[in-house]
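Just passing along the structure, written as structure tokens.
Think of it as A, B, C, D, E and F in the order they're written, each chain with its own count starting at 1.
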Amino acid sequence: MDQLIQFYNQNDLLIWLLIFTIILGFEVISKVPSVLHTPLMSGANAISGIVIIGAIVLIRQAAPDDYVTLGIGTLGIVLGMTNVVGGFAVTNRMLEMFKKKK
Amino acid sequence: MDQLIQFYNQNDLLIWLLIFTIILGFEVISKVPSVLHTPLMSGANAISGIVIIGAIVLIRQAAPDDYVTLGIGTLGIVLGMTNVVGGFAVTNRMLEMFKKKK
Amino acid sequence: MILGVLKETDDRRVAVVPQVAKKLKDLGLELMIEAGAGTGAGYRDADYADLAKVVARDTLIQQADMLAVINQPDAALLDHVPAGKYLVSSFAPFMDDSVVEDLKRRSLHAFSMDMIPRTTLAQSMDVLSSMASIAGYKAVLKAADHLLKYFPMMITAAGSIKPAKVLVIGAGVAGLQAIATARRLGAVVEAFDTRSAVKEEVQSLGARFVEVEGATEDAAAGGYAVAQSEEYMRRQRELVQERARSANVIITTAQVRGRKAPVIIPADTVEHMQPGSVIVDLAASTGGNCALTQNDQVINHNGVTIIGDSDLAGDMPQDASFLYANNLLNLLKIMIKDGELALDLENEIISSACITK
Amino acid sequence: MILGVLKETDDRRVAVVPQVAKKLKDLGLELMIEAGAGTGAGYRDADYADLAKVVARDTLIQQADMLAVINQPDAALLDHVPAGKYLVSSFAPFMDDSVVEDLKRRSLHAFSMDMIPRTTLAQSMDVLSSMASIAGYKAVLKAADHLLKYFPMMITAAGSIKPAKVLVIGAGVAGLQAIATARRLGAVVEAFDTRSAVKEEVQSLGARFVEVEGATEDAAAGGYAVAQSEEYMRRQRELVQERARSANVIITTAQVRGRKAPVIIPADTVEHMQPGSVIVDLAASTGGNCALTQNDQVINHNGVTIIGDSDLAGDMPQDASFLYANNLLNLLKIMIKDGELALDLENEIISSACITK
Amino acid sequence: MEFQFFIDVALLLAAIMFIIGLRRLSSPDTARTGNLLAAFGMGVAIIAMLIYPLHSATNNYLWIAGGMVVGSVIGQQAAMKVKLTAMPQLVSLFNGFGGACAVLLGFIELYKATHGQSQPGVGELLIVVFTLLVGSVSFTGSMLAFAKLDGRVKDRKVTFRNHQYLNMAFIAITLGMSVYIAVAYPAVSFGLVIAFIIVSLIYGFSFVAPIGGADMPVVISLLNSFTGLTAAAAGLIYDNQIMLLGGVFVGAAGTILTVLMCQAMNRSLLNVVIGGFGSSASSIAPGATGDKVARSITPADAAILLYYSKSVVFVPGYGLAVAQAQKDCKELDELLEANGVSVKYAIHPVAGRMPGHMNVLLAEADVPYPKLLDLDEANPIMDQTDVVVVVGANDVVNPSAIDEPGSPIYGMPVLEVWKAKNVIVMKRSLSVGYAGIDNPLFYHERNHMLFGDAKQSMQELAREVKEL
Amino acid sequence: MEFQFFIDVALLLAAIMFIIGLRRLSSPDTARTGNLLAAFGMGVAIIAMLIYPLHSATNNYLWIAGGMVVGSVIGQQAAMKVKLTAMPQLVSLFNGFGGACAVLLGFIELYKATHGQSQPGVGELLIVVFTLLVGSVSFTGSMLAFAKLDGRVKDRKVTFRNHQYLNMAFIAITLGMSVYIAVAYPAVSFGLVIAFIIVSLIYGFSFVAPIGGADMPVVISLLNSFTGLTAAAAGLIYDNQIMLLGGVFVGAAGTILTVLMCQAMNRSLLNVVIGGFGSSASSIAPGATGDKVARSITPADAAILLYYSKSVVFVPGYGLAVAQAQKDCKELDELLEANGVSVKYAIHPVAGRMPGHMNVLLAEADVPYPKLLDLDEANPIMDQTDVVVVVGANDVVNPSAIDEPGSPIYGMPVLEVWKAKNVIVMKRSLSVGYAGIDNPLFYHERNHMLFGDAKQSMQELAREVKEL
């Protein structure tokens, strides 16, 4: 319990921020027409590629001869980048049908 | 500039939190049917009565013989409480017409 | 006061129907009705039993103080009527004003239903409106019955049939009712009138208004159309001719009060029409809007059927009688007090209707 | 092969119209038409000029290989037709099958349009449908013309008029079209039928279905109604009687193929109807659904007008001919190849239609 | 330690309740529970801050309790007693109180600072001055808005020519004084503070003065978001997270709401704030003449009136035919019937331009015959009808026919729609009908004009009803 | 100092762009710009983190650049080349990659920890293990979802009896191992880590295995929110705010989206996850038999199809009459026309139950005659029509009449609606029409069934179109 309280006291702003972010996440997605479910999922998926930043930080802090880290990190970047670029691109293609008429 | 940066660095989480709160405020109010404009305004007004907490804190920390502070604080509480209680009550009355029929 | 209802000659209508007889009694009037007067309109003598004395014609003419008859009484009838009696009918003095002199000579007091002003207030006594409305409706039914085609569009296994094109000339009361009825039956309807004010009214019934520009307007004529210039008539005839070629049905109702009806459809227009087409001319009695119209006859000219009939209301005698009787009732309501005549000649309606004052 | 089109006797329709003549030529047929055959339907001889030889009746009967005539040819005509010719008409063998023997005896090949199955595929040749549809439409127009009242509701300054109540008995093709037309004119429509399947169809046209429970159904009868039990008939008569009292118009179309039409409206029902009401009996030719019906006559019984007419389609000859001609064309399309007869007796339609095989 | 933690969590929950409460308030179905949730959150926040462990707390709970009781009673009583029509002014009043509360807090801080009881820094001073300025504007602005809405102040009485320039001057002066106070401190006298507050309060009046009475709801919403911002600023003064976030949240929500309200009126916010009277005329009936004033109604309000009534009678006239609105009328009818409203049509015998004109139209729209009432059937039920909707009719609902012997239609039976509890007349203007005579119905106290083409108005009504 | 500040602000902006981007993605009008905005935000975030001043940064930009180029090319190419119909599986694949990336990050951390290169605490270890576990499930789960959607794996091949119990066992084992690793550290061997990862990966397969192919979109959305959570966890590992908040945000949004998708299918999430094949049938057309599958469409999707098309042809049939939907059809027509869609009606000669049945109905709804096409006019324009909407017609649009010589209606001319770019058939079921014969149109690749009473469906379509 004490640990929890301590943790809260140290991180109270972060916790509020997280909770507000979650509420935002809920709020942002409301009343979506079902045709947009797939593009929305795809767009959200591309954003979840934000994990790539972890790989970037990892590599940037790795020793230049730490080939395990570098190799795995680079693989991570390849995967993450595919997710990000492919994700946004494919979403964009899906959304082409919504181009404004006239 | 430096001051600003320092301020940011000290309060970065708070600033994020504020910005997210503003976005939340925007998000929460969207596509409101115009019949709800007045009740919504009234409800929001009641929430803005949160300022009463300032008066509470003020009084709780005032010296028991600091009558200026106590008097003005109490007046503040009267005003704030009127805003809060009256605000929610009147909103509730406005909303009575939305009671589900049947 | 005794109100006597005569049987019409050559007309199945009757001036008072049982439903209205009741209300007339409430005004304090006594009622007499000629035997068999309502039969043609679907009202048996028995239906009047408790409301009116059913008597023979002569008795009625002698005993009643006021006589109600729908069609203008002819000389034969007038010769029978003792002086001093009141007559309620339609005398059309605007067509032939000698009738007024004649009546005065006979010392008869006459109220002419067709002289009641066409105001909003007088609507409830306006027999011209109620009868014209029936005529417009009937005109379409007659046309549909004589037309060799369907009115509505039909896409069927045996071929697609285009909707009939109906052209209504003169969008007064009868014309508007004709438009509404033709539209109900699924026809494509166009209408003409010289009064541009009716354009909106025509459109409010879902029909197209065919405009001939340059019509003479005369707001002072109280809503009636005024005579138009020669040049205008020529242009109108051209446009009508063009429209008539594609129309399957033409219904003409154009009348100018107190004059001969304008001839809008000359013979050669008729000759250009498709065989099987129909023209119904409601202005037949005042000469007809179609040059070939024969009043009260159905003729076939080069395959085009031309029906000249201005009394179509008489063809639907039950409702026509009911409406007429109500008009009469509403007029009498302002003329009668406690069963006796109480004429207020200041009243615009009464002073217009009373032609022998 | 030469197709000859005869002028009908006592009927303004014609079996081939100019629009269709063109398409018949495309099938490789040569056309001959009796002079004046189309006049009654609004088609002048000149309209056929480039499409068919306009010839005298006798020439036509002698020269044509196949004769098209709408109404069943009488003995007088058949006596003139040389043996070996083909005839296309409606012979109604289901009413009187001696006709088939007679034709065979004369060595004539006959195709009966009324024997074409009522399937979806054969719809485009189904003259019963196309003619019944016209009859239903016309029945309402006739009724509206004879009725002494308005069909639609009217709230006017001279009184409020209730909408006419229309009762349609038998909701086959004619009945449904009658429902639709009566509704268009603003009437309140009810309908009866013994086949409960049509309930949905009646409602789909916005009318009320009056149900008599306990009807005998026979899906095997191919859509035609089957004869009903005595008990059922009694109950139905009772319900009809009750409805008839309030109906202003009754349109009867109830037929049972190959039998006398069921009598649904007995004399005393008619006597209970309001004066001014109208009955249109489309089953008149097979005896009539109303006991008082006189075939091909309009009678007045106690103020009720009874119109007995099974050939109302003939009253709208232009469109009727157009539809008939298309039906004929569609039948010939499956019978003719390159201008010559090529009968596939396996084909259900041809084998049904060919009654002299 | 633990205690404080629980209170912290309670405050977090209160904040979440505000958010969810306001969220639910924006949809009719959930609005009531949303309001209750927000109120509950407020209760939690207040109680939490009452017992929050503060350093050097003397508490003075008696003072607090006294103030709270008095405030609660006032608020509660006012809210319960106010008439339905006067609610907007009450909201304005309440909002003003909130602003005043903030002003008091700011005043105390500056009082202390200028009396040597505290030594705030520039940043803190700026915040305090902001609280004072915005709170003052919100306070006096709300008061004037209240007075205008309540009809106690006539627009023209409080406005000068070129009022915008006056307001700009006010902005310059108050901002200048704000910055001066913050920067020049401690060389700032208490008198200056008082002067600053007075100028700010006057500015509040002046800010609202040129805005037309009809735009008051928008102004209240704007002032409401101002109050939110002062609450947030006060949260900074007291280093209190829930005040800060609650205030910011309400400030943001209020701003968006203000924008939405402007949009609903087809105006821009700027236009409302500086537009003044010129534009306010648009909300008053076109063609109103002399003393007679025809009240107009928005489709949204008309929709509510219809939706929450038990019986509605449509009175169609020639305008229905011109607009070809019969099918839209039928659609609205169906919508209302689906919500348990009984709908009838009263047909005057001479409505339209030919006998049976209305029958033709309504038959086209497939209105069942039993729903049609003629004059004799309709008039007796008028007084039991909640709302009569007159659709493009005029002469046939003209009361002069009954009570003005000089009128050309005196004596004609008409539909006595004014006997119903509410009347809505749909037409494009206040102009006359076929008979060419004025219609006193339009100025009747129970009548509301819904201006516009009947077809469009019908469609808007249907749209609004669907949203309810 | 300043530099870092700017980067911090850039990251804040990136976060805001994510939020606004996703917000805009949820409405058709703004979806494209929303996606671009989110992508731009992502670019900003990546660049910011590339140049962010890190302590002890060796940078190794070459490695990073190489990885980024390869990833970008793969992603871009795959996205451009994929067929429209295969997009969902591609999304699944991408999502798996994201999960795999997180797995690699977690792996490295544990590798370092078990090789003495770092000494993480319990809290940190729990986070790492969480990343690994959830990332693995997301990775292999997505792969299986991809394979299923792509038709490479048949549902039955990968499922055991009582698969739920197997999955429960997996949950227990993986959670147990997670806790053990965190608590027992440093007494944890690298081998155990490997084993943990392998078990987690297998669990991912097993998690998705029992879920029916038709439910895959829901599963992908769920796995997507898992990936979001791993990103958030990774954000904690690297103490990186944008990863943390972005991940949490996507996690929350993904969860709500998943719930919405379930709702749209009238299912609960639980039902989808454990329901397996039994329930997946419900999303396949009712009455589908054998190999033929009729695809159904929701009103919302149908509305979009209509709204964004240039030409629409309605084909009314007997069902329109039964449902009495003619006026609703006209209303939809008007809505579409108002949005620039050209609308026509193709009337088959025998549609309905009497000659001219459709004409009667459409005249009642006041559809202008020039909009009605008969068979000869309609068939030639079918192939230029974007959407044909068949409203309660059946026999008259039956392709057997043309290509099935044995059919009882072979030879009858029909409306060749299947030549249009899209067909929507509105009827209540897959049952037959008057002629009693099956209709291959329902199973046509360009056809979509909109099941339900035609009147209701029409009204729903109108409502959805209005919302666009």
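Everything that follows uses one rule, which is that contacts are C-beta pairs under 8 Å (C-beta built on N, C-alpha and C of every residue); 3 or more make two chains touch, one makes a residue touch a chain.
Predicted model only: the values in this text are computed from it and were never measured.
A.B. asks: Quickly list, by label, the chains bordering both chain B and chain F.
C.D. replies: A, E
A.B. asks: Are the two sides of the chain A and chain B contact the same residues or different ones, given that same means over half of the numbers occur on both copies?
C.D. replies: Since more than half of the residue numbers are used by both chains, the interface counts as same.
A.B. asks: Determine, using the mean of C-alpha atoms as each chain's centre, which chain is farthest from chain A.
C.D. replies: C
A.B. asks: When contacts are scored as defined above, which chain pair ends up with more C-beta pairs, A-E or D-F?
C.D. replies: More C-beta contacts join the chains of D-F.
A.B. asks: Going by average Cα coordinates, which chain is farthest removed from chain F?
C.D. replies: Using the mean of the C-alpha atoms as each chain's centre, the farthest one from chain F is C.
A.B. asks: Where the centres are mean C-alpha positions, what is the separation of chain E from chain F, in Å?
C.D. replies: 42
A.B. asks: Compute the distance, rounded to whole Å, between the mean C-alpha positions of chain A and chain C.
C.D. replies: Centres of chain A and chain C (C-alpha means) sit 82 Å apart.
A.B. asks: Approximately how many whole Å separate the CA-defined centres of chain B and chain D?
C.D. replies: Comparing mean C-alpha positions, chain D is 81 Å from chain B.
A.B. asks: Report, in whole Å, the distance between the mean C-alpha point of chain A and the mean C-alpha point of chain B.
C.D. replies: Once rounded, the distance between the two centres reads 33 Å.
A.B. asks: Quick one: which residues in chain F touch 2 or more of the other chains?
C.D. replies: 19, 23, 245, 349-350, 355-356, 360, 363-364, 366
A.B. asks: Provide the list of chain C residues touching at least two other chains, using ranges where the numbers run on.
C.D. replies: Those would be 123-124, 129-130, 133, 152, 154, 156-159, 161, 184, 186, 206.
A.B. asks: So which bits of chain A are touching at least two other chains?
C.D. replies: 16-17, 21, 23-24, 27-28, 31
A.B. asks: Give every touching pair of chains, nothing left out.
C.D. replies: Result for touching pairs of chains: A-B, A-E, A-F, B-E, B-F, C-D, C-E, C-F, D-E, D-F, E-F.
A.B. asks: Can you name the residues of chain C that touch chain E in the complex?
C.D. replies: 119-121, 123-124, 129-130, 133, 136, 173, 176-177, 180, 184, 198, 200-201, 203-206
A.B. asks: Would you pull the chain B residues touching chain E in the complex into a rising list?
C.D. replies: Going by the criterion above, the answer is residues 17-18, 21-26, 28-64, 68-70, 72-102.
A.B. asks: Spell out the residues on chain F that touch chain D in their complex, using ranges where they run on.
C.D. replies: Those in contact with chain D are residues 318, 321-322, 324, 349-350, 352-357, 360, 363-364, 395, 408-412, 434-435.
A.B. asks: Please give the residue numbers of chain F that touch chain C in the complex, ascending.
C.D. replies: 347-350, 355-356, 358-360, 363, 366, 369, 372, 374-375
A.B. asks: In the complex formed with chain D, which residues of chain C make contact?
C.D. replies: 12, 41-44, 123-124, 126-127, 129-130, 133-134, 137-138, 141-142, 144-145, 147-150, 152, 154, 156-159, 161, 181, 184-186, 274-276, 303, 315-319, 322-324, 326-327, 330
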